[in-house]
Every structure is written in C-alpha cells, then in structure tokens.
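Structure below; questions to follow.
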C-alpha cells in the first residue's frame, strides 16, 4: 500500500512502520513533528483552526507554482506529528495528486486505529481539511 | 402455605394445585369464575372499576354484620376466575382477617407468575382493591 | 429459499419451551428474538471492548467509538441514507418521533399550524404530537381508515390544507397489518408543502427501506424489532434538516463549547442529538443484526413472511367465529394478524394460548383509536418473522381451536 | 478486606492487554467494566427471556416484565427510596436531568425565576438548564469553587435568593474529585425554599446513597458507571413530585387512554415517564450489578478507593512537574485525579500512556467551565474503581515518568 504514496510521505510512513511498539511509533511521530517549521502566530486564526480535535490544530495552505504548499501546527506533539505527515508529505504535489491520496495508509501504521470523524481522532479532521484545501485550489484552477 | 388460607379460598387454591398443566388450571379458573354470581349493571361504575387490567374488572364490597362481603365481575373468563378466588374466598371474613391474607398463594398456583402492579397482571390490582375495601371497612369501625 | 431449520438454530430462544410445550413465538411485532451473532457480539463487547466513546483517546475508547460509528454507517447504507451523519441513535422509535416533535416541530410550527396523522397510528406517533399541539396551540387532524383497514385516500387531499405543516404516518400498521402506499402518501403531502415523517417501526424489519426513494423527511424505527438489542432506536433525517434543528437533550458530547452562565454552542449533527453516554453496547451490536438481515436479503425476508401470513389467513378463516381486522388482500398487508373470536375475550385467548406454549399479544395493541374504530375492548394479534414456520402456524390455529372449545362452554351458558 | 485478585477474575476485560501490555484501566469515571454476573445475565436474557414488557400476557412477557420491575425495586432499596414508584428508568444520568428540566422545571418555573448550579458541574447538569433558561426566560446562576476545587460555601446564601427555584449540583465532581457536602447543600437550599436535584453520577457508584437522609427532591445517576450495562439511567424523584409532573416523552406504555384528535390521559408514575420499549435487557441485568456492589458493601468499595487514591496522590506528588487539580484532603475527595504535567499536553500524555497499556482520559472532561477556571486546554484524569490495584497505580506512575521523559526532550527544545 505504501507503494502508491508520494515519496516524502512514504518515507515517513516507512519510518513509522519500522517499529512495532506503539510507544516507539509515537516517539517517531514526535520526532517527525519536531522537524515541522513553526508557523507565525498570525496564522493561528479561527479560519485555520481544525474543529473536532482534542488539541488545538491549525492548518492552511494553497497553490504555489502549481503545487500545494501546506503549513500547520498542533499544540500536542503526537497530533503535530500526524499533522506533519500530511503537511510535509503532501506539500509539493498538485491538488489532484493530493486528492488521490487515500487516508488509509494511516491505519496500517497503527498510530490511528480508525478513520471516523470523532473528537478522539484528530487525524481524520486534519485530513479532511487538507483535502478541502486541495479541492479549493483545484477548483480555483490548479490541476 | 395454603395451610394459613381461609377455608373457602383454600379449597379453590387446592383445586388449582391439583393439576399441573397451565391450560388445565385455566380451565378450572374458568369453571370457578362461572360459579360467580352476576352483579347488577348499575354496579359497573367508574368507582368500582379496577384500573390497570387488560380486561374490564369491577369489584366492590363492604361490611355486612361485621364481615366483608365482596362482589365483582370481569369480562374475561380467566380474570373472572382470579377475581372469584378473592371475592368468594375472602367474603365472610372480618376486615382484619382479609388484610392478613398475603397474595403470595397465587404464585404457588402457577396461574399468576409475578405480583407486579403492571397492566399484564390483573390479579395484583384486584387484590389491592380488595385490600383497600377491607381497610376502608376496618377504619370505618369493622375489626 | 431460506433454510428455516438452519435459521432457527441461530436463535437460541426458539428452542425454548413455554409451559412445558415448545414455544411458538408469534409476538414479533412487539419485539423479535436475537440471533447468536448478536448475543455473542454483546458478550464480546463487554468482555473485550467496553469503554465510553467519543471522549477518551485510549485504545479501548477508540475501538468502542469505531464500533459505535460503524453501526451508524451501516444503518445509513441499510436504509439508503445520503450519509452516516443523517443517522441519529435514540432509545427506540418512540424517542425518534419525540425528538422530531420537540426539536424540529417545536421550532418550525406555530400556533394555528396543523399536523396530520392517521387513525391507525401506534401511540408513539400520536401522543408526541398531541403533547406538542397542546403546548403550542397546534391542531391535530386525522386521516381515517375504512373497515378493511385501508386509509381513505380520497380524503387525503382535503385534509392536506396549507396549514398542515407535517404529515406523520405509519408505513405498516402494527394492528391492521396494512402496508400503506408510502410513496404516494409522501408525494401527495410534499406536493402540498408538508414535511413528512414515516413511522417505519413495522416496516424496516420486514421490507427494504430506501429513504431516497421514499422522499420523506424523517423516518423512525427500533432495533429491537429487527434482531437488534433493546435500547436502540434510529431517527433518519435529511442532513439539512438535522443541521438546522436545535438540540434535543443537553449534556456531554452534544456540545462544542460550554460557557457559564451562557454562551454554549452545539456539536454537529448527529452528535448534537446524542447527549450523554448512549447505549454503546446496544448500538455497536446492532451492526450484527443488520449483517444477519442483509445475509438473508430483505426481499427473501418479506417473501417468507408473506407465505406464512397467507397460510395463517387461509387456516384461520376456517376457525368458527374468527374475525379479522384489516385487509385480506395479501399485497397490501404485512405479517401481522389481529383478530377476535366471537364470544371470547381477547385476554382469555392470549392466556390460554400462552398456556399451550403459543405467545401472541392481546389487548389494545398501543392503538386505542383502532379499538374504538371497531368498537372492541381488545384484540389478539399473531405476528410473524422469517424464523417462524408453517408448522408453527398450524399449531397456533389448532390451539386456537382448542381455546374456542374451552371458552365456548361458559360463553354459551352466559 | 476485599480479595482484589478474586474480584479481578470476575471482570473478564481486566485481563486484557492493550498494545501488547497488560491493561491498566483508569478511566472508571467515564464508564466501569462489567462483572461476569452482569455479562451472563445479559446473555441469558436474550437466550431465555427476551420479550417486550408491560403489554402482553404471555409467559415470556410476564417474565421479562418481572425482571424489569424487580430491578426497579432493587434500585429503590439500593438508594433508600420510599417505594419503587419513585424510580424512573432513563437512558443515562444526562437524560434523567433533562427529564426533570423538561417536565418538572418547564411546568413549575416561570420567566424571571432562577436556577443555581455550580461551577464544577458536568455538562449534563449545565446544558439542560441553559436550554430551558433560554426558552423560558429563566436565569442561571453559578456557585463558584476555589482553586482547591472546593465550593465557596460562604457565597451560597447570598446566591440562594427567593427567586432561586432549583439548586442543581453534583455530589462528586468528575474532574476535581471533590465530594461536596451534599447534606448541608440540600439543607441550606431547602431552607430557602428551593427544590434540589443532586447529580449522583459519580456518587452512586462509590458511596452509599440514602435519598431520605439527603433530603433532596431529585437524584440522577447512570448504570454504566456502576457495573451495569450502557443504556440505563436512573431518576429518583419524590413520589408526590413525580405524580404531579407532566409526562416527558409520549408513546406506548405511558398512557392510560389515547383518543383522537385529543383527550389522551396518562398512566401513573413512573410508567408515565417511560414511553416506548425501554432498554429491557439493560434494566433487567442492572439488577446483577447492584447485587455485586451490595455483596462487596459500599463502605468497603469506598474504603478501597480511598486507599488507592491516597497511594496515587503520594506517588504522583513525586513526579516532576505534576500539577493536581482539586483538594489534597482525602476526606473531601473521591477516586478521581485530574492533573497536568508542566510542559506537556494532556492529549500527548493520554496517547503515550495508552501506548503503554494505561487507559486514562484526557481533554476537557465534559466540564469546560472547570478548564476555564484553571486556564487550561485540557487535563489528564486517572479514576479508580474497587477492582484497581496498588500495582496498577505504581505502573501508572512509572509510565507517567516515562512519558515525561519522552515529551521532555522536544519540550525543552521548543
């Protein structure tokens, strides 16, 4: 399944899959999230807030030279790691490529057990937001 | 347990206990109910109506020469038999004697499984009414 | 073709005896029994997965939440909803209807508006509207049925005045067995601008439901009448309606933010309508009930019930004094047969049949207006599900004959 | 003394592993696990006794009805109610409170009247009052707590003006663990003529409840937090209040007579409040949960929890950066410990602990006002029940230390 993933995302997912223990996976996620560039305080707006997560998560992004550029921040480290998978892993793709990525890869990593739009689970809501951003960009003319 | 029951009631209960099969018991109840004297139409009043039975049941009674005299009617035959157990079985007792009769005997006969004040179960409500009549008579001076 | 013997082995209670006789359970319109798969799912839930949902991040909570939400998606597929967000879990069909009354109708109807119901509704689809009508000054109107148990369709249009804001009716009558022409009823009501609630408590267990085809706005049913656990009801509502409705009960999970003393905001539908800890185990295990029904196929379920009903009607017709309530037209009725025997009280019939091992329901069947229509104190009702057999039908009719004899003697005397 | 190893064998889920590690379940304030006896009772109910209740006369229905009503009598004894008719079955504590809001309060309070709650309520005891207040023009007032998590008792009398018609408060806080001085609170409110509702969702599972001693008017709790199935809540109300209250939901079983278009009359309490088919299996099997608690003895349950809490507080105090919310006074707190670790996000703590097999809850704990009080986004909460062990407490604290290390590194970097 990871075959089909875009390269940056694939690398991170393989890193996660390289260990079995969930605590170890979380440590990797925290590390991955630690590499994420900080976003400016001004970007932490109501509009960029992802609802329905237990922690405070902001995501935004748009087209740059025909490719999506995502940025974001979560105030919890593990969620920040999840966010990084998407923000880093999908930046640099065309909107259409972003939309083609199924979120199912995350279940295989074992760090998110179920893709349901519930409070428990920040990932799904972040994924939906990223998709919405790509869709908006695509409608606005990106491919 | 039937030891302690007043004689007329005891006789009927023993009749019920003489067979095992529930259909047979119901047949006996129907027969017992068939012996019950009809009540005048004027006695089928709202005040004499026992609420919370699936069938239409009327019961009334009071003191006659220091003893309770009950009468009643149910439009279903099996319930009418249950009613007869109480109406015939407890008539001729003093209020205090009536109040001393526990309804538990009915469970042993197997024709009523549980003494709960629910719609399913006419017996409990009829029993409560009979007791209330005895209590009223007792408060009014009977013993 | 269903292999009924195999099916019956899936339902442990069906091999039970009642009063020493093999149980013949013909009270399926009241509640159905549960297959092994549902019973085991419940057992397994409490042994393996028990947790509160939606709130915690630990593994048990994730699993339980997923189990709960999976059933929501499954119900959505089962009835053809546009998305899982259109499915609200309640306690039962009754609560689903009350929710619409208190949330949608209390918000959208004003004094002088009218609600149309039918004369054949279960109390669940009457009393909530009466309570609301009293409170809000609404008027309740009633579409009558004829003595065959069929709605008087020719009176519908004149009742559907522009004041009628809601038409709430049952798809299948729990007493008369009538299968109402649901699509036509919806179409005619919508044409007049009324919203439509369909009580599918007796339909969803027996017929295939496709809410998009129906065209209604709300649809209510209960899990316990279709192999599922008690404690679980479903309200389906159009997404845009649910989104716009105020919440029903207040508490945990249904909020987005709570401020004191005020300033509280709501969660999204359907969670907005699910305050507090729901019947998590019940909802999670309703999934297995839907699996079971889907494996059989609702067409097959319906076909088999029609067969049993036809057999029963044929045999019952030969019982002296048998009086059927509802149509004899097999294409217009479900697997519910309500009746009386002349000269016999329904409650006697019920108790005697019970003593012979046959469980039917008797009384007013939560439909006093239908009793009044026919001028009877009560009825006896036999209702079938796909796991009943032709032999059970035969035994029921034989035992009914025996009842007639037992009751006949004093009846003649009186 | 409880034999905890023996007790733990009664709870199948406690020998489960989470993420490959033995489960340490410390989310008991959210929901508790179920003993074999309850799980088997459910299994048995659906295999042997399943039926609808109150309506039919057949043997299965009688048995199910009796099972259901037996639990009602048992609950009445368990909390010292005057009679079984004072017990209403609902879905959960949340619904019990909503029922009082919509039925008693909507009927008895009028615009300008006030309702007093506390700052430490669970949303279940805030939102129903806010919804009613908005609708009826009532005012909600709030008794604050101090930073130790104790109610500011000296502000009570000035808040209890004669306009306050109801004081609704929690006996034990699900976040702070505070055991409020319930008898004094009731006494002072009643002295001012206010009715009193006690949210006992976190009390009934842990302390002996005697409603007569409390002197309140309503009391609400959930079965699932005290070994019982999900889907079952209890509302206790004084008989004369319940008798006088209008019904809550409309439908089957709650009526005496239904007429169209109007003229419907109600059944007696408590059935008047139980519309439609309830969670029959859940209620019937809650009986076994009460049996279990009674066999242990509520004093012993409480004693054991106090022991675990004291141990945990002692150990946690030594964890660097540990911040407790709520009092350290053991005589004033229950078995709930909400906390944060400085520099760590509660959700990270929850997820990491989960990955180590330790289930705690994190987030806003259905109590946004408490989060606001302390200015935090969320908390982590460990909550104990009698089946937890000292070793589990030790493991929890060790694992928390490990979390601190894992989270510490990037925390320092940032």
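As written, the chain order gives the labels A, B, C and D, with residue 1 at the start of each chain.
One rule holds in what follows: contacts are C-beta pairs under 8 Å (C-beta built on N, C-alpha and C of every residue); 3 or more make two chains touch, one makes a residue touch a chain.
Note that the structure is predicted; figures quoted are calculated from it, not measured.
Centroid to centroid, with C-alpha atoms defining each point, chain A and chain B lie 75 Å apart. Inter-chain spacing, taken between the CA centroids of chain A and chain D, is 37 Å. Inter-chain centre distance (chain A to chain C, centres taken as mean C-alpha positions): 44 Å.
Shared interface positions of chain B, defined as residues touching 2 or more other chains, are 54, 119. Touching of two or more other chains is recorded for residues 19, 55-57, 59, 61, 347, 351, 354, 362-363 of chain D. Viewed as a contact network, the protein chains fit none of the simple shapes, being neither a path, a ring, a star nor fully connected. Pairs of chains in mutual contact: A-C, A-D, B-C, B-D, C-D.
Those residues of chain D that touch chain B in the shared complex are 53-57, 59, 61-63, 65-66, 69, 256, 268, 271.
Chain D makes touch with chain A in their complex at residues 19-20, 345-348, 351-352, 354-356, 362-363, 377-378, 402, 406-407, 410, 413.
Contact residues of chain A toward chain C in the complex are 51-52, 54, 113-114, 116, 118-121. Note for the complex: chain C touches chain D at residues 12-13, 16, 18-19, 23, 25, 27, 30-31, 33-34, 38-39, 42-43, 46-48, 50-52, 55-61, 91-95, 97-98, 101-102, 117, 119, 122-124, 126-131, 133-134, 139-142, 222, 224, 229-233, 247, 249-255, 257-262, 264, 275-282, 347, 350-351, 353-354, 358-363, 366-369, 372. By the touch rule above, chain B contacts chain C in their complex via residues 21-23, 25-27, 30-31, 33-34, 54-56, 75-79, 119.
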